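Encoded as structure tokens, the structure appears first; notes follow it.
Should a chain be cited, it is by its letter among A, B, C, D and E, assigned in written order, with residues numbered from 1 in that chain.
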């Protein structure tokens, strides 16, 4: 329509979005003179067609959909790592199942979401427990259905992420493994249409500035920041704080992001941990036949330019 | 010998909303009587049959069959509908066999009966046709055949021969009298043909145009069996026909009381 | 003066699958003629009307209206259906006004016409009833009124008075003749009443039972206007009635050729 | 026929009995609350949602948004579905042309269209209304076409020989004759329109009862899922009763001929 | 009436024309491939899925699994729906009792029931079949009930006065008289059953065409989404034609009275 905003931001209602809710709710974007609009989606995969159809410009994702979208031909690039989770994704087992270690998973029914990071996690976990995939029963369930299936005693354990995994723990589920304990990694990232990122540098820079400021504020006055998301999720600030704490979130600074620990040093994204992680996930997806062929290069999944520009302007 | 009373109507009235269709109609019907109803279009003949059939309840008054009030339709009172009301999904033969198959009569026997009835109503060879493949008069005859096959104690026939040609009509009338002689069932016959009424009935009721009362009743004292004995040009027959014609033309409401008081037994 | 030919049937045949309903029927109909069709039930009268109306096409032969083949129904050929075919969602009045409102006639004028027609068919005061609130005979009269109001060039009437009482029937017959005298429209009239056929028509066609051919045709040479001049007991009238009755009873197939050769003009 | 009074009593008694049975079952711990929250729990959640909104938005905004989508789609579907259905019923050629495309689309799950509709029609109202529209329209069309087939041929013939133009035959005869079928089509379509509200509101956005249900189930808030269910159910019940009530007045002749 | 031959030609021509238009549009870059893959792309994807399966499982397993679920649910729905519909149509008391509960459930989105069905009936076949069943059953029931209402009163009266028991009136008169409506109900329900296959297969599992579609859309494999759509569409088309063909032979009298 005629009145379309210059920056159309997609976000996920099914995930915890503390910074975004604060930046929007407290008017940070507006103060920065950003002409923006927010577009809610139930989950990451739903944002992909919207990006492809140029209905939105940037979006918040777990790294999985960005990898599948990129591999399946959507011209998108990750330009900012919002967070790296170490305990966001967890394997929780019911006490009655008798599962205490990864090796105990043998012969059990485990709920995972096929082709998602949790599927990747469980395969890593099985390998570490010395098990083959055939030795357990993996039950494909959407994250939202996992608490119900667990409650109805349809599964012995489940590997999934917040907020659903917490429902299992609330019911007495026992934590068996996490991203960190498996030495795996998983991220929340901002990705945008490559075409947009190249043509609308101003908007992207304003966005990065606001984001930087909001993340700072979270450290300084957590309750002030968290109140917005608490309201949306209808939880008390304390509950939200507890949730955020369970996720064990690491938010790398913009400077840190342009190192090999994250998006790679300028001009060398292929050496960054993120691209390496993407390549590994890509191989995994290929083995599952969720992507037909690997892209020529995974480096194209990352666009370092916005951060390079930002750091140049804000040394 | 007077036939035993089978149907008794005492001050039967029927109204649709505000309009009175039948107004305190009373009569008695002996078993194995043949009674015809004559009357102007819209005077309530079909409505009266509906009440006797048990499709509707009188708004007031009593209507007794065999001494008990009529509350629902039943196989002892079968109806030939003015509208046909054939089962569109059944062939002529299946329509005729309907009552038999409801009673669980064996297939071979059913077949015998329907074969016979089809011949009787002049539809030999048309047993396999569906209602929509038949002409108006053929449909009507299936409706008649359906009731004949059911062998009810009382047949309620609503203008059953209205859509058939003179020859077929006369043949059907004679068949009906033969069936009546054989089964001694009671027949209430609605028609617009005075000749038909006189030919078939031992009593003829004439309904009045408005108010739905009985205008007059006539005893028919012609020799039986009529189907071969009586010439339709018999002077007594012609005289009665003329009398009824004139009564109806006059539409004299004065006759009403007489009719109500009238009782054959 | 011989009326100009309006309808021409040349060797018209019609079959349903394997069964031949009409077999090489030929006749010519002058404009403003009244012709009656008589014939046993199921002989093909309704089928013939359907062909003239344009509802179906002949399997072979030519059927011309005003010199042109009949390919579709049209307002110049209106039909009174044996089955009624009233519009259930319209009142008696609205049914009668249907053709007028299709032509876009103004409401007030429509109302005048329907008021007049309702009275004509004896349904004054019943204009507001829906078909399911009417008796069988009332419905039939609405069907007649609907066609009268349409003022077609040819009226195709399929047993239009079969379900009404003698008085109403005679009145309707006389009204029909009056309308005919006023409009000079052509009428093809199907009936099972020989008396009615003779009373109304200037020619009577008799169809044969099987094979769907014309059995015989009779010219009716009675004085006009018949609606008040002619006594239904006129000896000429009675003699013709009797002749037709006997012809039909005999069902002589020998007469066929004669009928086919017959032409009034 | 029961009297109107005893009829109403039965109508009201049956849901009450179910409610009591449900309440009893939860009260005497025949089922766990987590499997089936007690009516009181759902009532409390309903009250909470009614007074405080859901996800920071007033419930009336959710209801209004959804109603707007459903009504727009339904009205469009009714109009297009009836028109197409009549045309298909009357003209075999039009029917032949429509047959394969529509019959191919009819069984396709609306959920399958979600990514495609986002691609084609975006994430705004157009997509959301369209996905309800196509589904409801196909139902109305099918029923209307069946209605045409049920129209006695003699009535069409009568109309034509009384001088009705094809257009007049269409609207004055075939349409009223097929109304009994059309009404069923509309009733099925109305409920169907509501029943794909959740799918429709998966097309992006954070407004509407469909969003409430899917969001609540994402966060495993079973009581709130029930709140959404109850609200949609009630809206559907009321709408259906209104439709049926109106239809009965219009199609008064049904079954009486 | 076009001849059967030209009818068939039209039936086949219309999807072919659409296919050509679609192909042309992609060939001349009127739409981007990412929005609408060319027919050839989808054809290749279809071939790939047919020969190599989807997600490591033969496509015939996916099809068979889905068909089994849909057919079981549909047959159950047909039987229960017709029986209940006839009962509701004939007995006002039964209708009154059923009214509110069923009308409350009818508009509820099947997606809303997913968490509840998992809680109540687990993640096995029972859940998946039940969710299709309830939805399809309600459609059949509604149409059947409307069919009863359309049955001319005189026919029921005729049957009763010819000695038919209530049961015989039920099955020999009311049922055949309502068949035209029942058939529409079955057609709508059959497509509806297929159309909630995706929702049904969200109830856990990695088999079935519904799973293929939701999985492909999760991974933005648009061509594979189309493959799922085309397969369900074809199944629906064939099933509907078979149903209609049979029904026309059974309900031969329709519209002719």
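The rule is simple: contacts are C-beta pairs under 8 Å (C-beta built on N, C-alpha and C of every residue); 3 or more make two chains touch, one makes a residue touch a chain.
These numbers come from a predicted model, not from an experiment.
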| item | value |
| --- | --- |
| Path length in steps (a step moves to a chain that is touched) from chain A to chain C | 2 |
| Distance from the mean Cα position of chain E to that of chain D, given in whole angstrom | 16 |
| Mean-CA-position distance for chain C and chain B (Å) | 29 |
| Separation of chain B from chain E, taking each centre as the mean of its C-alpha atoms, in whole Å | 49 |
| Multi-partner residues of chain A (at least 2 other chains) | 48-49, 52-53, 144-145, 148, 151-152 |
| Junction residues of chain D, two or more chains touched | 34-35, 114-116, 119-120, 152, 214, 217, 220, 256-257 |
| Residue list for chain B, restricted to those that touch at least two other chains | 83 |
| Every chain pair meeting the contact rule | A-D, A-E, B-C, B-E, C-D, D-E |
| Of all residues in chain D, those that touch chain E in their complex | 1-2, 7-8, 10-15, 18, 34-36, 92-93, 96-101, 103-116, 119-120, 135, 138-139, 142-143, 146, 149-153, 180-181, 183-184, 187-188, 190-192, 194-199, 210, 213-214, 217, 220, 222, 225, 228-229, 232-237, 239-241, 254-257 |
| Residues of chain E defined as touching chain A within the complex | 34-35, 54-56, 114-116, 118-120, 122-123, 202-206, 211, 215, 217-222 |
| Residue numbers on chain B that touch chain C, as the complex places them | 16, 38-42, 45-46, 82-83, 122, 126, 133-138, 141, 158-159, 162-169, 192-194, 245, 248-249 |
| Residue ranges of chain E touching chain B (in the complex, touch as defined) | 152, 154-155, 157-165, 168, 172-173, 176-177, 179, 251-253, 256-257 |
| Complex interface listing, chain C residues touching chain D | 53-55, 72-75, 77-79, 81, 83, 85-89, 98-99, 102-103, 130-132, 146-147, 150, 152, 156 |
